[in-house]
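Two complexes, one shared chain (subunit A), two partners (subunit B, subunit C).
Let's look at the complex of A and B:
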């Protein structure tokens, strides 16, 4: 009798628990897909910087006097940062902050080399 | 003509003025894309004249100007995304490119070897002056999440402060050639428009869209809130100037007034409003306020407004 009175609340609660479980499942999938996409974007941009720095390091090394002294250090810093960029999830690292640091190093290197390059991914929206 | 002296010449909003650290003159910049040099023409300072107009360097609004500590190099930055370097009787010797869009503020370090610029592109750039108009970029700091409004160097050390539309102030220093943010000050509730150190560098003043003035004190762990003056102005506070001769702080903003505040470091809340000048530029916003840095003229204060005018005031308390 008691159960019958609370029937509505009971099913309401069952439904809620089912919903949480379902939400976690689909949310996990959604999160995975988003992480995959963002990770791909990051890696693509990082790859651009790696190619850029390797290329310019070889040029500067052949003709050091033509560039400011700190150019090589700046390029090597950039390359190191890219190569050591974490590839696994780590909640203690803010990837966007680290990425902005890399972007800053890239801009500083461009300025020293007196070249105009910019990484652009036409599908990316940066705010 | 008595004080304040009214200086006419610009044909658009005047954004900033910068006093020479070595002689009695200042420069101003404006939405009319020109820089003007002003000098007193009478010994009692009741008349000032524009001795030079520089209008060929920038293609858009010139937002900020800064003299190096020796007073022989001037830097100008503009919404055209470049920074100009002027030497030898105002000859443009270099143009620094790098920012993606509007450059908002420029500042020289105490040694005169480093130059900082900040921009709407959210970055702060640090340049090293190599001599002969040659500048090398030594760092691009991208940690602010919004438009960076203002940069200011510590008066003795190589510590840089930057203020932003993201409501924070960041403090930067160098570690073996790598510049990093060692502290973020988050007390303001809205855009931080301007910052200025006192002459010792132990205190930093900041003003904000939240209409308050905050004075930060340096401790072993960084800068902490020392004193706060909420609702100092009725609208956004755009500019702050801390006299390098005494403990007077001047602020101005969108409510058409400017204030003179005395700071007492020993008091618990050491900010006392000494005087408020209402409608100092009529019903126009006041964009910049600046104390004369020279010992003999430390009572001189210049303001720049949306009314295209500059006013020079003699402050007597």
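Let's look at the complex of A and C:
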């Protein structure tokens, strides 16, 4: 009987070791694919707003009188907020909250500039 | 005669022992395997995610910047009088812009990219080359 229990444990352990090897591979791959998707989607939208801010800051700085006074401040705030984004995954930052703040500031800046830009037709971002 | 029976007995016992061995292996090996997969997968998902996230984010930033600059450039071109000489170029700009706007991660990080050990994605290189060709002669600073 003891032999039988020993065998059961041995098979269990062999199976577990095989499983660990496979689990490591599939965990890394599955996580990586998900990370690629989320990192790409999030940063692509953020890159768009960064380029928008830089572009318009340069234009407004050259002709301040043509735009409402707070335009430059709004654009700089937007850029500063965008630059809090890092390409490393930071668990202390809520990406959805950050993106919603950025989108709000972007819309406000567009309104002050009286321009229309659209990052996406759907703007769906899920985490 | 008795030898024949003894042979049959031992053959029977061996077969039964093999069956029992396989049954134990199937039953307990599979349970252990499943446990091992779950345990290790959970531990490595976050590591894989963080790794993928930083690669995806670095490239995403680059693509997003290009997308805005093309949109801005197109708006600039549309506000000017277009002539026949720029029509074709504007069309190519529009096509690249639409491509970037709709670009998904799996169009960059393809099966080949995974196979080739994560070198610079070929699709991204094509996009960057096309972008540089289309924007290099513009007054607009890309």
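Rule of thumb we're sticking to: the second predicted complex is superposed on the first by the 94 of 127 C-alpha atoms of A that agree within 3 Å, B and C clash if a C-alpha of one lies under 4 Å from a C-alpha of the other, contacts with A are read in each partner's own complex, and residues count from 1 in each chain.
Note that in this section a contact is a pair of C-beta atoms (placed from the backbone, for glycine too) under 8 Å apart; a residue touches a chain by one contact, two chains touch by 3 or more.
Source: prediction; values computed, not measured.
Judged by the touch definition given at the top, the superposed model places A:14 against subunit C, while subunit B stays out of reach. More residues of subunit A are touched by C (comparison of subunit B with subunit C).
In the superposition on chain A, contact of A:70 is made with subunit B only, not with subunit C. In the superposition on chain A, A:80 makes contact with neither subunit B nor subunit C. By the document's definition of touching, of the two partners only subunit B reaches A:97; subunit C does not.
Of the two partner chains, subunit B is the only one touched by A:108; subunit C is not. Against subunit A, in their complex, subunit C makes its touches with residues 21, 24-25, 27-69, 71-72, 101, 103-106, 108-109.
On the subunit A side of its complex with subunit B, the touching residues are 68, 70, 73, 77, 97, 100-101, 103-105, 107-108, 110-112.
Here subunit A touches subunit C in the complex through residues 4, 7-9, 11-24, 26-52, 55, 86-89, 117, 119-120, going by the rule given at the top. Residues 97-98, 123, 125, 130, 136-143, 177-178 of subunit B are the ones touching subunit A in the complex.
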